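Each of the next two complexes has chain A plus one other chain: chain B in the first, chain C in the second.
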Partner chain A sequence: MDNPEQILAILFQLTQLMLVVLLAPLLTGWVNQCQAWLQNRSGAGILQPYRVLHKLFLKDAVMAYNASWLFNVTPYIVFGCMWLAAAIIPIIAVDLPFSQAADVIALVGVFALARVFIALAAMDIGTSFGTMGARREMLVSFLAEPALLMVLFTSSMISHSTQLPRIVEALAHHEFVLYPSLAFAALAFLIVLLAENARIPVDNPGTHLELTMIHEAMILEYSARHLALIEWASSLKLFAYISIGIALFFPHGIVEVGNWAGLPLAIFLLLLKLLTAGAGLAVLESLMAKMRIFRAPEFLGTAFLLAVLGLLIHFLLGA
Partner chain B sequence: MPIKHPNLHLEPMNGAIPAWHGEIADSDLLPICQNVRDGGGRLVALWGSDEHAQGNGFALHVVLVNETGLVCLSMALPAEQPSHPDISQIFPAANRMQRTVYDLLGIYAHEGHDHRKWLRHAAWRSGSFPLRKDFDAAQSRSDDSDSYPFVQVEGQGVHEIPVGPVHAGVIEPGHFRFSIVGEKVLRLEQRFGYTHKGIEKRFESLSLQQGAKLAGRVSGDSSVAYAWAYAMAAESIANVTPPDRALWLRALLLERERVANHLGDLGYLGNDVALSFGFVQFGILKEQLLRNNAALFGHRYLMDRIIPGGVTADLSAEGKRVIEAELAMLEREVRLLRGIYDEHAGVQDRFIGAGRVEPKLAAQLGLCGLAGRASAQAWDTRVQFPCAPYDKLDVQMATYRNGDVAARVIVRFDELFESLRLQREILVNLVQGDGLAIPLAKLPANGLGIGMVEGWRGEVMVAIHTDARGNLTRVHPHDPSWQNWPALEHAALGNIVPDFPLINKSFNLSYSGHDL
Partner chain C sequence: MPMSYTLQFINLLAALLLLIVFAMLSQRRILSLINLFAWQGFVLALSTFVVAYTTAQHHLYYSAALTLLLKVLVLPWLLHRLIRKLNVKWDVETLINIPTTMLVGIALVIFAFNLADPITQLAQGITRGLIGIALASVLLSLLMMLTRRKAISQVVAFLSLENGLFFAATSATQGMPLVVELGIALDVLVATFIFGIFFFQIRETFDSLDLTHMEKLKDD
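Our next item is the complex of A and B:
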């Protein structure tokens, strides 16, 4: 630990960890606020997710009688997974200590781990809605995951590495080139982002109709701090996904570890990108209706197809 | 004369709607019902009454409708073991009404095949009947568990999803039992009665004027329709006609209620396919209309504006201009929004083909009102039996054949525009009259009156019986939801579970008006 570079790296890592966990609800609030504006509503304000979290943490948790330990620990595991995922992704700087430990395949694995637990917990309490939600979640995710992997492979081909810092470096620090393969990958990634974060048109995060829910059906039985953690984890997941998108497709402006002078500009650029992405997401969601659930496979099949096209184009054109 | 039958002697009833009344014997009920059914008629309502005060046991009343008008059949029943023939084989909608008559009065449908309870949960004991005059609420408390034998569906991979009566959102309570395989609905069974408030029992202890207030609260979204139907029934017994201006104002209020509900529903249908944009825009329009209601008539939902004998609210010349401006605004905005709904591929993909009720099935089930018209059942009280002032308005009925969610949306849009047109016509024709109401203090003794009004959901009927002193002895409000809830069970078949909330919303039936 006497190596100053290592200490600096850890400081950067800690900055990112705290920044991400604190900023994630703000992004959710921003998306909701943009939607409110687009619908002629005044909206609840971008700080609303914090108020909701505060309220939930103050409440007493209600547990189903037949819930096992699995139901109890799942919110912590899901929150941990999402926080870890957000730590791996180069958000404010490349070459963070955590990102050396895991590559993009491990990242997809971390998301999958959270999903497995939340689906098991949904079935654990034995209500029909939990099982229904878990079943639908699996239908969506087993199609979304391969598409996400293909997107990540396309970027790996360009940078010859599955390490996210290498990918980001290759894309950010070389002269600006338009990669046609990445255009296809970006489109595929957008579809996966919508599906994986339970957004319209695949799921509706704002619905109260229990029969139509996917993600919400799985967490219907959660309350108070457990629900708060899951809601926070959902915000973190959205933040992580948008960050992956930024890292893969718009990494310009990111700094290296140790570059304190460049950090303010990097954070400013990051915020700008997040604001743009959040507003874009709100526009997309306001324009679309939710599709019939059996259309989701076609939708995600399109994502997979686009990702494969990206990969093929990389082979054909070498770009 | 609407029906010809050798043992049937019909007396025309007074009032705004063409109706006849006749006493029949037990054995004549089935042939007469079959006769009406064969002639394309429908069952409107079925209720019982305790006639001990008149020296009889009980009575069963059945209202049928065909193209000439309403026929109310009354059947005297003995005090011991009152029973009547089961008519649910002829009119499927009668099934739940008959079970309700048993739950509330102990009148039994003999030879019926379905004797499960319907409105009774565990609020009163099996074998005690709240609508009997000798019912003692304190003695009838029940500690029974509330069990109900749902029909079981068996087979590989079939399982049940129980939904409600407590839902994830704040909506009215009803229980839906789905038997599904994968996401496909094999059977849907409903269970209601969670909002039973004892409205019919309460009517018995109210004066005519108090009853009008209660009638306006049977189902809050149809307040005008119920209040008008109640007033019409009372006016039919008293044989009075309200002043012309009152009738025109009633029609104006009824059309405003229709527009408010159609706006709300169109918004919610957008919301159910996650198009929040539509939800919010229609919500804004509805809110503006409700605020105008509050400013012009003194109540957002127009409750207590219609009383037996007339109306309580007038419209000033200034108010007329406000409504004219509002109508122009609604016409413009709704046309714009309709264009958006029509051209939105995602919305149309969800609407088209979902929850289809074929015209043939709709006719068989006696589907009525808005949902009926979307399945080619061309019944609209304002068109077939236009009471004043509709006889001067030439209402255009909106019908469609497809019977799916999209069809019910189209009918809503068409009726909305027609309602805006009617309001404009009403404003032009709104005569300056002498007074808004003919005071109606008390009703004649031993009377029976029927009022029927085309509310936004369908035909709302209210029947009033008076006793020897002219007090209310039995009031039966009937909501079109009684006919349409069973059709929803059929509409959901073969659809996928996540489409059900959309199908349900496209019918938007009343819980409160049904559970009473």
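Our next item is the complex of A and C:
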């Protein structure tokens, strides 16, 4: 612990952790605000998610009569998983102490752990909505996960490592190279991002209509601080996914640990990328219509196909 | 392995070409199919232009311009006019459902890449890795011709097949003689006109553009 480099690395890790957990609701607010502008509404402002969280934390939690301990601990587990995921991803700097703990495959596992718990908690209550939401969530995610893994494998093949910091270094800190395989991977990743974060063509985060909701159906029974944690975890998940996208496809600007001088620029570039990604997401969601749930397998199948094509192209062209 | 930026760019365009063929394969609407075909032509023209620039072959500039004129402007315009006249904007019915078609498509791509591997060893051009992609897009277009019922989407598939062949020609052998290219371009144009007349004839006879009706013509 007395090694100054280690202390520095831990400082960087803490900076990233705090930055992510505080910025995540802001990103959600920004996406919602952009959507409001696109739909000719004035919107609630980008600070609205903070107000919602504040309100929910002050309320008294109501538990269902037959809820078990599983229902009680799930919000904490989900929030913890998402925060851990955000700690592993190189968001402001590579070679953080946490990033040694897990490679991309373990990262997918962390997301899966959160998903399993939230689905179990939804079934725990025994309402029909919870069970339906959990089943749909599992349908969507079991199709999205292989596609996500294939995307990550394509990037891993290019950088010869499944560690995210190595991938970022291979892409950002070397000579600029155009990778056609990454174009496919990026498209596949976009589809996975939309599906996994319950965004529009697959699920609509703004609806509570019984026939269409997936994610919202699972968390219907949560209230107060539990709901706040789950909402916050959803924001963190969106943040984490966009950060993975940035790390895989636009990693330029992510600094190395210990580079204090580069840090302001890194954070500035990160904010710029997040703003662009959030606005892009809002545009995409406004352009697309929610598709029928039975169309989702085809949509996600396309993602898997694109990712496989990316891998094949990598083998053929070596790029 | 440092590659020149132009080569990387051509690789990227080749990948885009394959992507567009896959998009066409998954497309249900005829209108979007034609728009995708126009984009394919655009990518093709761009890649021909880049090959012309890197290898300094002037006749390839003409063929790039010809591709741009014919496949991005004239043919899509003709097809748009045709579907407006025939009033066929409805969704395309496929013989095999779309996810299965996509899986078959992936298998075809793997097959094409393996098939092109020995040919790639022989080719001398700057862009030899691209034969596999060209072959894959030809095979995928063929698959699209097989799985579509409507005459118009089959014709778009045929034109996209021709695009794949053209791409193979420019990337592997760095272009055919200009006379041959002009001949092919003219052929494609004439073929589209003739197809147009066929469409009207088919519709007059069967009241539909669905080619399965043609099976009634045989003697029992």
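The criterion applied here is as follows: the second predicted complex is superposed on the first by the 319 of 319 C-alpha atoms of A that agree within 3 Å, B and C clash if a C-alpha of one lies under 4 Å from a C-alpha of the other, contacts with A are read in each partner's own complex, and residues count from 1 in each chain.
Heads up, the rule we're going with is that contacts are C-beta pairs under 8 Å (C-beta built on N, C-alpha and C of every residue); 3 or more make two chains touch, one makes a residue touch a chain.
None of the values given here were measured: they were computed from a predicted structure.
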Worksheet item: Once the shared chain is lined up, is A:Leu305 touching chain B (first), chain C (second), both, or neither of them?
Response: second
Discussion item. Is A:Ser286 touching anything from chain B or chain C once the two structures are fitted on A? First, second, both or neither.
Written reply: first
Discussion item. Taking the superposition on A as described, I'd like to know which of chain B and chain C A:Thr207 touches: first, second, both or neither.
Written reply: first
Worksheet item: So, does A:Leu53 touch the first partner chain B, the second partner chain C, both, or neither?
Response: neither
Worksheet entry | Partner chain(s) touched by A:Pro297 [first = chain B, second = chain C, both, neither] | second
Worksheet item: Between chain B (first) and chain C (second), which, if any, makes contact with A:Leu316: first, second, both or neither?
Response: second
Worksheet item: Of chain B and chain C, which one contacts the greater number of residues in chain A?
Response: B
Discussion item. If I apply the document's touch criterion, which positions on chain A are contacted by chain B in one structure and by chain C in the other?
Written reply: none
Worksheet item: In the complex of these two chains, what residues of chain A are touching chain C?
Response: 175, 177-178, 180-181, 183-184, 187, 297-298, 301-302, 305-306, 308-309, 312-313, 315-319
Discussion item. Considering only the defined contacts, which chain A positions touch chain B in the complex?
Written reply: 35, 38-41, 128-129, 132, 200-201, 204, 206-213, 216, 220, 286, 288-295
Fill in: chain A contact footprint on chain C (complex, rising order)
1-3, 5, 8-9, 11-12, 14-16, 18-19, 22, 26, 98-99, 102-103, 105-106, 109-110, 113, 129-130, 132-133
Worksheet item: If you look only at chain B, which of its residues touch chain A in the complex?
Response: 159-163, 167-171, 183, 270, 272-277, 279-281, 284, 344, 346-347, 349-350, 496-501
